[in-house]
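Everything on this sheet refers to the single structure shown next.
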């Protein structure tokens, strides 16, 4: 067994980087967003990280194709129960090295998808991606935002600070260059270990015994 | 067994109305938001509907207290595994007539919370409420927004149309008066039956057999 | 808020009793099992407890009908996403006072179903009920077994002790009389508070800080 | 995208084989069970399949070590939210090539664990393994039972046929030799495609439209 970490995740394993973004809607066809998605997939694979997405079409699939160009190991977290449902009902790609069929539908899939990754990258994005952002934010997962990729990715500080009146924590990083963004995200992953549990607000220290 | 509906939910049962909103952060202390939360809880109870919230503090708890003033039947969907964890770790109220302990944490709790209701009302709200909004939106659940209650409730059309570039469907209704809002929400619940499954985009008609 | 319990659930609320058992297969048609199921539903309602089942056909539905004879408040935890799916795809009854539509399918529904109850009663039962028993056992939920009701209910000590080589904990009680069984189950619920978390084996005391 | 299958999963990807069994209790220390667990892990890796377990101690970990001897690609599906919780609270190993942190606890972890695999192997096993067996059985997942490995693995036909009064379907296979068992399991995976959805009893053909 790896040595037990003292204060957080060791990350002695290969880093796992998730990519989220528009799987439907107008951002999916934006050539700039598609190019940025492909580039981040390439960058993840070049660095030897494990690539994860929701086994969905759209920008996360563009990222997958980029990761495969550089022989990245790729994982898909599917909402479907089986390959057959994945292909026939969700009409989704499954060219990954490994697909986890959760059978849980989109919403729970989004949760498992995020928790599977040491850090997540967001490119473009509509309502579904906003769902994933709010999960990652609330659970303290490190997030890299590809700026100028359209959709909510252009508006995260506006959404968090002005609309929700919350803070941008230091483990959310921004850049429109995939190399710089990955440098920042890796630094955030190592600097800010995840909380012990998903409900990080829980006050264990008050428990008796 | 009740007669089988032909095209959607019958709603021959008592309507179940969920209330979502800030359980932490600055909106929780806004006196206008708190008053509006209490009023919607009162209105739900006056109409004989079942009141549902996430068994959390904040604006949904203000709504609970309003519902209890008018003897509403109240249900809480807790993230905790047990009453003891609910009280000691989540520091949450449990004065409901019935608390469902999911043991699933905040994120999955949000999903069950929304699916438990025929329609949901949003008052105030930060990141957690935005998570709940995106779930209800994506799954086609009727939503009533209490406008001018602060937080994301002031910005839903902006978020959906300008930031996410999606449409406001006709089962999302808006008003700053609790009576008018409930009239609109009830009409939306009856006019727009839920899709068969949570993944409403699934194309069953293409299946063989 | 109710006073904070010192060592476990207060149970100052109405007790919630779940009923599990065969929803398909041969036990479902056994007249003795059906009668025992009806009787336990009646007994739960007579005592003023909230009745919970999985909103399924079979023995749990016989128990529901018994509970309704005595005006019990009844809750169903459905695998379906909507009433329409519940009726048309799951072909299931929904005469409860409140149905929670989880949208999670049978397996996760079973988990929520058990966690919703302060204690569960098992009558008859095949593979699906065995699934529910193993969840309740592993999570330390009090269980009342109606003996001589067929299926696994006749074999729980054999399964636990001889096949699995585990112990029967004191919060699992047995009787073939519904009145005696409910006396024993209520005593077990009050004597053995639930663990803090679902994963009761977790060693919090070893955590730093 | 791979060609769309006509009637079920294509299995053009590397097969994913899960290994379940005692993670605690007396079977965990049985030398025969431990040797059989190691052998099945070795066999899975020798055949080039992806090895999956619940990232738990005990027999599934013995299988993991066997798979690693033969350079198998290994995946763990953890109940924990983070590596830190995995190591400190669950006291569990994480030497896998990839750990999926679900944050869902044991019971939901069991469900995802099973759905992740094309087929599962059961060795030894107590209550927790019985839970996993009932999930795999109910959802129609191919199962290989290592006979004479102790615990429930010696008693599956007895449990299914005599206690639950159900049938042993043809995609559940038995052998005490790991090579023969894997031959049988691979044949079952290819012969019996998974149902479309987890709730295979759902009657889609009756739906309107």
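We call the chains A, B, C and D, going by the order they appear; numbering starts again at 1 in every chain.
As a working rule, contacts are C-beta pairs under 8 Å (C-beta built on N, C-alpha and C of every residue); 3 or more make two chains touch, one makes a residue touch a chain.
Not measured: the values here are computed from a predicted model.
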So which chains are sitting against chain A and chain B at once? C, D
Farthest chain from chain D, going by the mean of C-alpha atoms per chain? B
Could you quickly compare B-D and C-D and let me know which has more C-beta contacts? C-D
Taking all residue numbers at the chain A/chain C interface, are over half used by both copies (same) or under half (different)? same
Taking each chain's centre as its mean C-alpha position, how far apart are chain C and chain D in Å? 27
Could you grab the centroid distance between chain B and chain D? Build each centroid from C-alpha atoms only and quote it in angstrom. 38
Which chain B residues touch at least two other chains? 7, 88-89, 103-105, 108, 111, 139, 196-198, 204, 207
Which residues of chain D touch chain B in the complex? 6-7, 103-105, 108, 196, 204-205, 207-209
Residues of chain C defined as touching chain D within the complex: 24-27, 79, 88-91, 105-108, 111, 125-128, 130-131, 134-135, 137-139, 151-152, 155, 158-160, 163-166, 197-199, 201-204, 206-207
Chain B contact footprint on chain C (complex, rising order): 1-2, 4-5, 7-11, 13-14, 16, 50, 75, 77, 81-85, 87-89, 93-95, 97-104, 111-112, 115-116, 139, 193-198
